[in-house]
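These are the structures, in structure tokens.
Across the two complexes that follow, subunit A remains constant while its partner is subunit B and subsequently subunit C.
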Partner chain A sequence: MDVLQLAISGLANGCVYGLIALGFVLIYKATEAVNFAQGDFMMLGAFITLGLTNAEFMGLPFWIAVPIAIAIMAAFGYLLDMLVLRRMFGQSQIAVVMLTIALGFVLRFVAGTIWGHEPKSLESPIAGLDVRFGGLVLGLDEISVIIVTVLLTIVLYLYFNRTKLGIAMQAASQNQLAAYYMGIPVKRVHSMIWALAGAVAAIAGVLFASKGSIDPSTGLLGIKAFAAAVIGGFGSLPGALLGGVIVGLIEPFASYYIAAGYSQVMPYLLLFLILVFRPHGILAQIHRKKV
Partner chain B sequence: MRTVFKTSYDADINLFRHGQQAAWYIALLVLAVALPFLLGTFWLGEMTNVLIWAIAGMGLMVLVGQTGQASLGHAAFLAIGCYANVLLQDPVGLPFVLSFPLAGLIAGVAGTLIAMPMSQLHGIYLGIGTLALAILTDDLIVIAEPLTNGVVGLIPPTISIFGVTIDRYMTPDRFYWLVLVVAIAVILIYRNLLRTPLGRSFSAVRDSEVSARAMGVNVARTKAVSFGMSTAITGLAGALMGHFAGVFNNETFNLVISIQLLLMIVIGGLGTIHGAFFGAFVVALLPQAIAISRDVVGALLGGGAVAIPGLESAIFGALLILFILFEPMGIYGRWFKIRTYFELFPFYRRDMFRRQKSYLKTERMR
Partner chain C sequence: MTAPARMSEPMPQGGEPLLAVKNLESYYGPIMAIRGVSLEVRQGQIVTVLGANGAGKTTLLKTISGVMNPQKGQVLYAGGDIAGWEPDHVVRTGIVHVPEGREVFPLLTVEENLRMGAFVRNDREGVRRDEEMVYSYFPILAERRRQAAGTMSGGQQQMLAIGRGLMAKPKLMLLDEPSLGLSPLLVKEIFAIIRRLNREQGVTMMLVEQNARVALEVADYGYVMELGRIVMDDTAPRLLMSKDVQEFYLGVQEQTQRGQKRWKQRKTWR
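Coming up: the complex of A and B.
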């Protein structure tokens, strides 16, 4: 029973990591930019929802607040690409990395100034309820995280394979020049990818905030999601989720079976081993460039 | 503008381009040496801090500016240098004169060992690997408690070089001179490194790995050597930082320090020694600048000083965003442009330093 309980909570955490990692990978695949602020996007999405729902702020109903927050984050992502990141086109990856790290600092400050630095919890209808299966007690929040992640994955899969815009995004990520020749507005597609990443981050933020409290430095969770993305294989959407789930599962089991102090090292140790022995992740999509 | 008429092959690799330049740097050196007589204890401490950050910045600059490899985990090597230096002095009993270079050596060897398996990685993967390293180091220091005293931390002993005691608080001027000597030594090593074949191969790897390989540069080895040199210098800075801080634990060298170090050299100007120093001034003096401006604003508004948590890193982040967008060459780049403007006076053109239009450089096959 313990094992199952641990697995479910690990899976729920892993899904959040996976969703953040998904944001990284979406952006990386399409624009080759690495968005280190993705964790902070998640934090911002969670705080916007919190600001709209919680009684002390706007007090809107939860189900109205969530779509608004997703829309705000999508718009934020779109504008960010249009106004800031488009100027970085053609510069080295590292420059973009540093830009997004700096952006993370700024976002943390903004969120802290607006909503305060103390941990806050989202007044969501799924928080704190239990579901019983036989002898198993599971949090409704954990189960809904898993269900929403699965649904979101299916939606994204269909979107990328069935819709015109999704295929245009794939094309733009595979070969920008060729996509441009085919009449795809590559710049706008890039901005849309950022919007999509913002929306996914907002969903991840809502899910994470329903599971526990959030504060402005929650965004540092993005580092774990980053590890997840690398473990799964940067540049592979299923890999991101797989990596997220692996990291999520390792954590509770490591803290259960291994002495404290050693357990939190495990995800990074795995990351290290993956980088050394399988540098491009489990589901590798990237190969060495040949001349 | 002064045109140097080259009369020998050495003119290309001389330390100074012409006598006037050398004179300026000597004047700067004299000023730096005389600083303890000009400044009070507090500002001397701040200047020492600037120098230590500049040494650490030069360490990272070798890797990022010269070889083009990003490391997000250099705080790990600050920590290694710091702990090695103190542990070699206290339980082992070596004098500072030996423990200090050994600390750099240990950090360098550690860096090389870590870089060797990771030298196949490029760009972002190396960044993530080093990021993980920084987090692991934090945890490892706690785990290795018998040696490192865990979260309680260690207190570095007073330095004694051939009978002269140097303490951060008792004799701040001596400590400043010690740091200055180390900084100058590092500058000379760095400057000379750039003139060697090794330094040239660093630049080749930075500009294009593929063409570096085609020119016969062993890319993996160059990266590992660069990492080792970078971490050795950073280790020296870490050892000084430990003595400067007075007490340190696993939190002293956290992830934020690594990131701050990286952002610092970008603000300063990538690929130049000047950049490390300009960046160090920004990082080390920004908290003071904020504190002073806060007092001024508080006095103007008639109220007490207002404390805004997180303001420092937010200003830092905003500065960095502005620099990356509008002046990718950093403070040094801006200074260089201003200088060129006056040197060429009526003939400066706006597009002189215009970035070449480039397309997305891809590292992947599909």
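Coming up: the complex of A and C.
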């Protein structure tokens, strides 16, 4: 039973990592830039929800606050691309990377200034409740995280494979020039992908905040999610989720069976091994252009 | 005797000019890639632009389709000046650019690639009909409908690129080097289809080629480009006969009495 409970809580954590990793990969595939502020996007999404719904701030009902927070983060992503990143077109990739790292710092400070630097808990209806399943006691929060992630994955899968705009996003990330020639508004598509990454980050933030407290440096767990994205195969959406789940599952088992101090190293040890033996990740999506 | 380049003679046959480029100048950074190009493409014609590597042919097409912005000049199309428009607006007006080197969406299926060609259209029924029309011209694509485009051969990818362009329901198709890297047999096949598309679907074509012979065989009218300028233009049959084109673009060498290659041929436009 212990094993199952560990697995469920690991899986729930892994889903959050996976969703952040998904944000990394979405943006990387479309624009070939890595958004190192993706973890901070998640933190910001969580804090916006907290600010809207917690009694000490605005006190809106949770189910109204969540869609508003998702919309705000989507708008934030869209405008960030439209007003800032589009102007950096033609600059080297490292410039964009530096910008997103700096943006992460800014977001942490802004969040700290508005909501304080101490850990806070989101007043979420799914926090702190238990579900009994035979002899098993599971947190409703963890079950919800897993269910929401599965649903979101299905929605995104259908979006990218069944809708015209979703396929156009794939097309624009596979061959930008050809997308231009076909009349796909590539710049707007890039902004929409940033919006999508912002929305996914907000959902991840709400899920994460439902499982425990958050503070402005919560976003640093984006580093674990980055490792997850690399393990899964940077550039593959299913790979990002798989990588997240793997990292999430390793953590609780490592801390259960291995001495503290060593256990935290395990996800990065795995990352190291993957980079050595399967450098393109588990679900690598490689193609070579035919001449 | 060498036939002189005919710069000013009125264009025979063909309908109204569909596209007229006037004094177009485009830069690649500081380099002027096309230096004041003027040309006309008439309704229903196949017009070819010949020239060596770096002559500015691709830049010309990119400037027409809006991927590059001109510094000067006009691109008159259907009565209006479309110079400097965004590419998605240009596609909506009925000009589609089939790029050099195929440039398919490698991980999308053949079917999805074709649907992306129709991105700017909203008439579902028409799109479905045109998809069947493309399959009728390129039966191999119908067979590979569900295959990822990147896994197909070069010739099949070229067919897909043309088919994808057709899905935009173009009035004018800009074809950039469709013969590039293909076997002579495939080139023949693809050019036969290009001609059929022009005759049967009424698509006006502007064809940029290094392979001058095949291009002139299907074209009605031709322009020769060198170092960013048009140096010669005439009907395709007359260009095929022209000494200059034969010598410099068709590789036909004039033999002297002693059976040796003449050491130097002066171009008539220099």
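Note that the second predicted complex is superposed on the first by the 285 of 291 C-alpha atoms of A that agree within 3 Å, B and C clash if a C-alpha of one lies under 4 Å from a C-alpha of the other, contacts with A are read in each partner's own complex, and residues count from 1 in each chain.
We adopt the following convention: contacts are C-beta pairs under 8 Å (C-beta built on N, C-alpha and C of every residue); 3 or more make two chains touch, one makes a residue touch a chain.
Predicted model only: the values in this text are computed from it and were never measured.
Undergrad: Applying the document's definition of touch, where does A:95 land relative to subunit B and subunit C: first, second, both, or neither?
TA: It touches subunit B, and subunit C stays clear.
Undergrad: Go through the superposed model and pick first if A:163 touches only subunit B, second if only subunit C, both, or neither.
TA: It touches nothing on subunit B or subunit C.
Undergrad: Looking only at subunit A, is it subunit B or subunit C that touches more of its residues?
TA: Touching more of subunit A: B.
Undergrad: With the two structures laid over each other on chain A, which partner does A:223 touch: subunit B (first), subunit C (second), both, or neither?
TA: Only subunit B is touched by A:223; subunit C is not.
Undergrad: Considering only the touch criterion stated at the top, classify A:178 as touching first (subunit B), second (subunit C), both, or neither.
TA: A:178 sits against subunit C, while subunit B stays out of touch.
Undergrad: Check subunit A for residues that touch subunit B in one structure and subunit C in the other, and list them.
TA: 174, 177, 285, 287, 289-291
Undergrad: Going by the contact rule at the top, pick out the subunit B residues touching subunit A in the complex.
TA: Within the complex, subunit B contacts subunit A at residues 64, 68, 70, 117-118, 120-121, 123-125, 127-129, 131-133, 135-136, 139-140, 142-143, 210, 214, 255, 259, 262-263, 266, 308-311, 313-314, 316-318, 320-321, 324-325, 328, 357-366.
Undergrad: Could you list, by residue number, the parts of subunit C that touch subunit A in their complex?
TA: Spelled out, the residues of subunit C in touch with subunit A are 65, 67, 86-88, 90-92, 96-99, 103-108, 112-113, 115-117, 119-120, 148, 150, 152-154, 157, 164, 168, 181.
Undergrad: Going by the contact rule set out above, which residues of subunit A touch subunit C in the complex?
TA: Counting only subunit A, the residues touching subunit C are 164, 167-168, 170-171, 174-175, 177-185, 285, 287, 289-291.
Undergrad: Which residues, counting only subunit A, touch subunit B once they are in their complex?
TA: Residues 31-32, 34, 84, 87-95, 97-99, 101-106, 108-110, 112-113, 117, 174, 176-177, 216, 223, 226-227, 230, 234-235, 261-262, 264-265, 268-269, 271-272, 275-276, 279-280, 285-291.
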